[in-house]
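Think of it as A, B and C in the order they're written, each chain with its own count starting at 1.
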Amino acid sequence: MAIKQTKTTEKNQKTQTQKLKVEKSLSQRKEIKKVSAQSAKNNVTNKTTTQTRHMICIMCPMGCSLTVKVDGENVEVTGNGCNRGVVFAKEEVTCPKRIVTTSVKTEHGVRSCKTTAPIPKNLIFDCVKEVEKLRLKDVKYGDIIIKNVLGTGVDVVVTANC
Amino acid sequence: MKTDVLVIGGGPAGMSAALSASENGSKVVIVERDEILGGILNQCIHNGFGLHYFKEELTGPEFAHRFREMVEADKNITVFTSALVTKIGEKKVEVMGALGVQTIEAKAVILAMGCRERTAGNISLCGTRPAGVLTAGTVQKMVNIDGKMVGKDVVILGSGDIGLIMARRLTLEGAKVHAVLEINKTSSGLRRNIMQCLEDFNIPLLYNTTIFEVVGKDRVEGVWFGQVDENMKPIDNTKKFLKCDTVVLSVGLIPEMEMADFVTKSRVTNGAVVNEFYQTDKQWLFSCGNILHVHDLVDNVALEAKLAGKFASLYAQGKLPPRTKKIPIVAGEGFSYVLPSKVYEGAGQVEVKFRLKEKVVRKTLTAKCGANILGKRFILAGVPGEMMSLTFDKSGATGRISLEIE
Amino acid sequence: MDKIYDCLIVGAGVVGASVFNKLTRIGKKCAMIDHASDVATGASKANSGLVHAGYDPEPGSLKAKLNVRGTALMPEICQRLGVPLKKCGALVVGDDAEKIANLKARGDANGVEVEIWDRAQILQKVPQISEHISVALFAPNAYIVSPYLFTITLTEEAIVNGGEVFLEEDLISAKKVDGFFEVKTKKNTFHAKTVVNSAGAGYNEVAKIFKGEEHPLLFRRGEYFVFDKQCGLEVPCTIFPLPTKFGKGVLVTATVDGNFLVGPTSEDGENNTQVTNAGLDDIKSKAGGMIAGINFRHAIREFAGVRVISGDDFIVEKSSLQEGLVNLAGICSPGLSSAPAIAEMVLELLGFENVEKKNLKKIQPYKMFKDCSPKEQAQMLKQDPRHKEIVCKCEKITKADVISALHRPLAIHSVDAVKRRTNAGMGRCQSGFCFTKVVKAISEECGVKYEKVLKENRGSEVAVGEIREVKE
């Protein structure tokens, strides 16, 4: 694989400080902050106060309006039409995850890439930043350009040849 | 040049149709106007493709890549890229581009040119016409393929899926997406996209709202926007100014049917009227994918094109079942359209596709011929934004088949 | 003083370009300057594209005289330039026979061929005419032309015959030095014996700098719809309603490219080219009264142009305040039709004899690959394989078409300039397919970074940078 990494991506310390920076830049993005506060550090929900969130279920076109009460480890979902709504809401309030897609710069222009699996939502910006650091020589479909991005156990791979 | 089946367009519909036509024994030629196969998928770098077809979640380029590899491996398929069809005639098309100027003759032709985006001109966007007013697809191409940033302060008009996807993409690239404005009271975008592209990033989605006027001489300087009344007319006292340098339009798609204007078209889908073989009223001309009707999932495009490719191939070989009595299929109350719109009398299963006019909850959809129920399907919920299907046995049908909500 | 021009033309619209062209043809050393990145970016790019027969202007007026003479000159000039000019005739329709008769009298007075038609004759020509139309005036000697292609080619022909064009010039000052004008712009200094102010909407700003006469100007905005070539309209001639005091009213016409235009509105106000809901609604209701069944869903573009009006007539005069300055003000409609005649009149005002040089060079006409014969196409494919690359799918424009437009006598570097020359981006997808292809071609050929390519004028860069570069 002809990958020339101008900056290494495995600097945990740096990632840590960067993460702080990102958190700061996200200060206006209240929604994310709220969620990330709950979901940070691997599902540890040590909230003492009860929080209520409203969301629309995306599991089917029904689009049930869900009300989710979070009280410590206790998550209560109402408004759901079926059990899939409960599963959806619980994941959204405890550890929401997303596949991240972006593009990486190479000497031949930009190439699209993605995380091979969903990563915690609060790491989306960090993950994009990790890809942004790269300046690669050439890549092809399927190349892994970052292994275990941000310690998530998920890789970033190239999704196109041109 | 001569071939059995000629496919116009090398996107997901064209590739899938070509593979299927080849599988069914025909020599196939694909004519694609862009430099590579894949169509618009190449610029859709986001995920969410392939769940039905490949049973895994892929990005657009990956979906295209898989099909491209299959097409390239298929010896019965010849691909011409950078080739533009300029005219479609009876069993022949004229092309220009990489092939030079020439005519390709075919026993069957498949329309798979997809759709184009509605433009500022199509929606009569008022104000000036400066740099920075772009369709979502153009923005997608500039950012994802060319690696260029279109602006820093963005307003998105229309909440179509590409608009939502680009809201997220531009945000991740450092732009501030101030709002997505939707003139209708609901979004045509998928719920999942609204959540993952807007709500995740706290981007407001304003319904019943549109741009009244674009401001800026050379570059967009801002927009006057506000609410509309029930007739979609601007309500003046809701007018507000928003400073921005870019306006992204995601205001709908139009099947690219102008070159085949000689076939009968549907007033609802703007695509051709087809029978169960995806055959237009010109027997040698077939249609599938977004040029037939705008789909929401590429998986469905590929599956539909597979059928069209098969039937076109059989037609080219003179093996299409002989035509019996024509039976129309009509969309009953609550449906905006159903497709195909006719079948032929006889045994067999038919899958029809349709869209609902409004959201329905806990209903049974039936295909009926008189009092005779040919097929039915219970749905928990259905929305206009989601294309649905129903499979039924046509052998019991003697006359008009209608789709009903019960 | 390194170089002294016989004439400096300020303002590169159709009028300026006509003067520029004519002066170079009689052997004068000329320069034409404009602040924009291309010629024909003001009223000359945004009008109906009509060469009027000349029945409409008040008999005896400058408008009448110049219109009739200009239109008479048009076929020869367009043929020389290789600019498509289509004789389609004009039909003024209405239900008031008396008014039509009055218009005919005007046409007769102006020496213009006109005839009165009854409904049967109208129907034969225009089957889609509205029911209430009972009478019409037909003027056979009316034409359609691309106003910008005409201006561009006039300019280019002048360049190959020794004229010079300077674009993106910002005028700073002008003074007389030793009897010559010394004109300073941000980039250059020009010396000229005479100056023509053909700045259109910018007339007064230029007049101020040159200490010439200012004239009260009225900006009249006209909005238009552009229709798809396949929109179901059958309009073999330009169709007007009876004129009012605000002008010729909302008309319906084909363009030389095969599209259709419906407009303009008529709104006095600021010099801006915005399109409004009210204006578009106005067009819809008025056009519907002439042609039945116009489907506005087939509109692919709306635009507005500003006609600059100064009193009832054109102003074509020698300045009495500044010797050697010629004022061209208020050249509204029929400005395009009159432009060749205005050029002749300017010649006269400047005291030049209208005798063209011998051995003038011809300009290579714009001809797109798709419009060539199979034989020519085969030749072109051999000469330039880039004719095999498709840029614009709607208008069928090749990469070589675009590239050759970039390397013509008048250098250009904007997407809209390419569009005006090749039609790439004019079609129904409105550049959805070709925009980035045109940008890339300009970037490669002109050595400009992709993101610095202009849509039209300075300040209209198509992107703000590369991704990853632009961060808060």
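In this section, a residue touches a chain if its C-beta (ideal position, glycine included) is under 8 Å from a C-beta of that chain, and two chains touch if they have at least 3 such contacts.
Model, not experiment: these values are computed from the prediction.
Enquirer: Select the chain whose centre, defined as the mean of its C-alpha atoms, is least distant from the mean of all protein C-alpha atoms.
Expert: B
Enquirer: In terms of C-beta pairs in contact, which two chains are most connected?
Expert: After tallying contacts for each pair, the winner is B-C.
Enquirer: Taking each chain's centre as the mean of its CA atoms, how far is subunit B from subunit C in angstrom?
Expert: The computed centroid separation for subunit B versus subunit C comes out at 38 Å.
Enquirer: Using Cα averages as centroids, what's the distance between subunit A and subunit B in whole Å?
Expert: 29
Enquirer: For subunit A and subunit C, what's the span in angstrom between their mean Cα positions?
Expert: Chain centres of subunit A and subunit C, defined by C-alpha means, are spaced 54 Å apart.
Enquirer: Return the residues of subunit C touching two or more other chains; collapse runs of consecutive numbers into ranges.
Expert: In subunit C, the residues touching two or more other chains are 467-468, 472.
Enquirer: Got the subunit A residues that touch at least 2 other chains?
Expert: In subunit A, residues 103, 105, 110 touch at least two other chains, as defined above.
Enquirer: Which parts of subunit B, given as residue numbers and ranges, touch two or more other chains?
Expert: Each of 143, 145-147, 173 in subunit B touches at least two other chains.
Enquirer: Mind pulling up the subunit C residues that touch subunit B in the complex?
Expert: 226, 228, 230, 272-277, 280, 299-303, 369-370, 374, 377-378, 381, 388-390, 393, 396, 398, 428-433, 435-436, 440, 450-451, 454-472
Enquirer: Write out the stretch or stretches of subunit B touching subunit A in their complex.
Expert: My answer: residues 36, 42, 45-47, 57-59, 61-62, 64-65, 143-147, 169, 172-173, 191-192, 195-196, 199-202, 359, 361, 380-383, 385-386.
Enquirer: Per the contact definition, I'd like the list of subunit A residues that touch subunit B in the complex.
Expert: Interface residues on the subunit A side: 28-32, 55-56, 58, 60-63, 81-82, 98-99, 101-103, 105, 109-110, 112, 114, 121, 124-125, 128, 141, 159-162.
Enquirer: If you look only at subunit B, which of its residues touch subunit C in the complex?
Expert: Touch residues, subunit B against subunit C: 33, 82-84, 86, 96-101, 116-117, 119-122, 124-131, 134-135, 137-138, 141-143, 145-152, 173-175, 212-213, 217-219, 234, 245, 258, 261.
Enquirer: Where on subunit A is subunit C touching in the complex?
Expert: Residues of subunit A touching subunit C: 25, 103, 105, 110, 132.
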